[in-house]
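Structure incoming, see below.
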């Protein structure tokens, strides 16, 4: 992107999750610098404040699941979705549906048996709410959704059998289900085969700056390619995985030794859309679901939410 | 019932407050205790009433308390010690509630009548002048038929005119009821008006310096300027020294 | 205002004093001011100005839509809450949590606080524990509360009760300590039993301090409603606020905050009313 | 115990009084008790018992591993925090937020509180606003704070400052109201200027109340550290606690809570020390 | 400088507190004001010093204040009104700090010496006995070279012995400095010891009932029992009625 002045300052929001690896890679391997961007990572504890930080201009680009809050901010003209990241894809280990031991003992060994039971979520309008709803609809069952604000509270409630089920990304699902208190009973991908889990988004203002956004996306897509090829296609063999784990470990599970962190990093591997392709069909489905639940204004159009002009889109 | 104080000595930590006090408190008389600030008058009175234990010596009760006395040793405090949340009648009642009595209400009404407080039975302490408050405290003390009244500067929180009125009340009361009392005061005029016997204490550690007997009838006593002057002569220098002392380092 | 007025008068008086020192003249006035006065209307005016300013600011575009909600839309949210009856769906569960949790915490706090005030050994043993508990942020313990009390009403009651408990303990034992010692000595001098002294002198005497502790305790209970309703509540003012926050729906967020604020002001006036009735004996 | 002892003595004394009424005998003792005493050791004993009990309970399996962390492992977390130096990485940012936010809130609160205390119009205008602000849960405003102050230190300072501000205002104007009016009248009677009276009489006289308000304000500031560090902080005790919570790591969660608790107790003793120095003039 | 009170009347809301007071306060004399509780003595004194504005009438200053007087009308308060956070010297200093003075420290030292407080210059009020505190308040008043001292029951918060000592001090001071004073008190003994003129007020609304001139020299006055008895005769019934009044509904 030659249009960019060298050393354009940029803040990229991230969570300390493996799914944010493309940003780490692009930074570590100098892809941002090559695009003329001087990137600083800004870490968050949760996705919701990241969306607000984009709106307030504290952060320029970030990656997170589509939530009611994000849609509302888009409605206020503050942010735009400009690309896709994590996707559910048949055949690849994706998000898991978990059940508590108590429910499991009572026969909840598959999602279809969750009729009348309690499903955990952070807040109304979160991706957990969406996944649970779609699953319930597909199974033709009714569930109560219990808002618990934070992931730890959900885990606590699940382990003690106070909620019956939950869905979550594999690198959290696997360690949680490794104990006797929680069981894995299904995969989200079975209900939402092409679910666009996370998206790349930015402020409306940045989306108007084509050179900047293209520069950013260009660098991130290189990170995505590196990640997919090393971790999923194993193009570099074990050595490639090791090198990538080393790189990611600088940002994720930093408080554990590398030996203990590596399995968790590898466990968390999910495919990220090559070229940040955006599955518009999935996004539309999510938007319509939010609207049908009354969580966002029914008048919001897809165009207010996404700017599909930067990346390849499917399903539009 | 008489009281006898025998070789009473008291210390707070290192400081000796009272030293070798011997004193008789005969029934039916008022014993006034005067002395400079901080000489241990209040401490002595607390020990007479059993609220504090002397380091050495004893306060001895001689003879039985009068029949029907609910609380032989009864205090009247300087700052009245009325419960602000109880009415006048309620405050008097407090002293009686731990006793089984056939006619508590009657007893309260009687004692309020004797102290001319009947009209104020339902008033709260905050509505009363200082003088009235102290009258309520006296009524409460009378309600338990005390053998000895222990009064710690009962008039010193009042203004001079009210003090004058209450002194008249006390003289009248004594004429009728002939109660026994230990009366602590700074005020020599009070001491010579009310005391049958005035005990002068020295500065800390309090020792008995002199005991002045006053023979005149309570009613009809004047200012007794000569006795006052004699007492003041005994105390003037010590009072001045006590006044000029720093309270702590 | 009285104060500035007083200043001017004073200055004027000084001039008079020096100028007309020779001829007979009234003594200069130099009192006034420093009085505790108030004007009920000014409060309304300030609120009206604030709200009106924001409304106009947003409509004129001086204030971004993301910065503040439009006051008129907040009002509309109230209207909707009222019309749909959703107000009660949210208010009643919160009120019952506030009442049960607050009552539990306050009663336990008054009880323990009284024991601390009366018994030296209890004081020595428990005061350090309570002081250590006081600065612990209750939200940090949220994950634990799920384990300990479940995600039902239990954990909500417990969280609110814990928040009310610590300030109540501190206020109560302070109040017991502050009971006039002469009154207690008076009770002893009349030979009252220990229990009579506690019941008739110590507890009524501690009442003012306990009630002002209750003011703080219940304010904290209201603040903790939001934290408590993080734990699996679908209905409740706290849950409503949290949902609005996560949806970045400022109008509903503010509507919820206003409800809590009104609840707080109401609670405080109820306590004020109780104080005026129960503590009528104070000057 | 002093009190129960007193009761027994009293009872014994009554028996003596009725039995030996005829012969000379010492007056019965009926004082004692109701004294404010303490025993430093009992606090340690209670803590030791609590911690020891939990340790043994967990090791013996009486207490589930999910219910409490193992105290010895909490200790080990502290050791690790110390050895790796991570303690300072977390403590220093939190302390600076606490210091800056607390100082801003306290200064603003004292300033506004003094104005409310001195000027009737300011009182009338601002007291309702402050009372309305008091019961607003600060976490509810978190999303707004990001927009208003960004995700950097600004919003953290602001949140802590807001939490400290409201109790400081209330405490300060209460303290100014409580300044002995005779002292002010004395100042006026000597012809002191308005400003001299404020500086030399009102403010020093309000100091005790302001300091005890500071105690509450700073306790709230510590509690709000956790809420403030929800806003995009990587380092800080609050962030550490939140992260431990999200990993359901009870040992680290408790370690963080203990640090905040110690911080609270320390702050309170520092204020106690300042009170003893600055308010040496009090009896 | 003389003061003249002309037709002074004051109301608090509905209640009339003072009614038609006419009074001269001649230079160099002590005017004592006595009267039952609540008759408006303190209110009158506040108006004389300009701390309150009368509803009607005026307090007039006749003639110039003495050269160098920093605060012609200076109060001494019943409860001392010392700043507890300032030392004795600091409290005296307070009255001088708003004035430009060449030798403030010297002036403070001088006035402390005149009241025999030099040894206590650095003590805090809480370390002092009541009598010492009131001496400090008097020193502070003297420091501004007042034309008239306005004293509102300056001894009534002290115990009887200290009161005695301070009265001697005041007499001594007046003998040396011949200050003018308006002295409010409840205590007839004080009034006859210190007053050249005793003004007796009636119950609320306070009116002047009688003005008693006392010609004897201040030093060497005794108890003057006859004058006291006369004053008490004027006031007794009203004092009793005032005492028995409920403070509010």
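Chains: A, B, C, D and E, in written order; residue numbering restarts at 1 for each.
By definition in this document, a contact is a pair of C-beta atoms (placed from the backbone, for glycine too) under 8 Å apart; a residue touches a chain by one contact, two chains touch by 3 or more.
What you are looking at is a predicted structure, and each value in this text was computed from that prediction instead of being measured.
Engineer: So which chains are sitting against subunit D and subunit E at once?
Structural biologist: Joint contacts, listed by label: B, C.
Engineer: Compute the distance, rounded to whole Å, between the mean C-alpha positions of subunit B and subunit D.
Structural biologist: Distance between chain centres, rounded to whole Å: 45 Å.
Engineer: Report, in whole Å, the distance between the mean C-alpha point of subunit A and the mean C-alpha point of subunit B.
Structural biologist: 84
Engineer: Using mean C-alpha positions as chain centres, tell me how far subunit B is from subunit E in Å, no decimals.
Structural biologist: 32
Engineer: What parts of subunit A, by residue number, touch at least two of the other chains?
Structural biologist: 48, 52, 55-56, 150, 152, 156, 159-160
Engineer: Find every residue in subunit E that makes contact with two or more other chains and list them.
Structural biologist: In subunit E, the residues touching two or more other chains are 49, 51, 73, 126.
Engineer: Which subunit D residues sit where two or more other chains touch them?
Structural biologist: Residues 30-31, 66, 142-143, 147, 185, 188-189, 191, 193, 242, 245, 248.
Engineer: Under the stated touch criterion, can you name all the chain pairs that qualify?
Structural biologist: All chain pairs meeting the touch criterion are A-C, A-D, B-C, B-D, B-E, C-D, C-E, D-E.
Engineer: Would you mind writing out the residues of subunit C in touch with subunit A in their complex?
Structural biologist: So the residues of subunit C in touch with subunit A come to 65-66, 142-144, 146-147, 150-152, 230-234, 239, 242-243, 246-249.
Engineer: Name, in rising order, each residue of subunit B that touches subunit D in their complex.
Structural biologist: 3-4, 46, 48-53, 58-65, 73
Engineer: Can you list the subunit E residues touching subunit B in their complex?
Structural biologist: 36-37, 120, 123, 126-129, 131-132, 153, 156, 159-162, 164-165, 185-190, 222-223, 225, 232, 235-236, 239-240, 242-248
Engineer: Which residues of subunit C touch subunit E once you look at their complex with the stated criterion?
Structural biologist: Listed in rising order, the residues are 13, 21-22, 24-31.
Engineer: Inside the complex, what are the residues of subunit D that reach subunit C?
Structural biologist: 1-3, 6-7, 10, 14, 30-31, 33-47, 50, 66-67, 118-121, 123-129, 131-144, 147-148, 177, 181, 184-185, 188-189, 191, 193-194, 197, 202, 216, 219, 222-227, 238, 241-242, 245, 248, 250, 253, 256-257, 260-261, 263-265, 267-268
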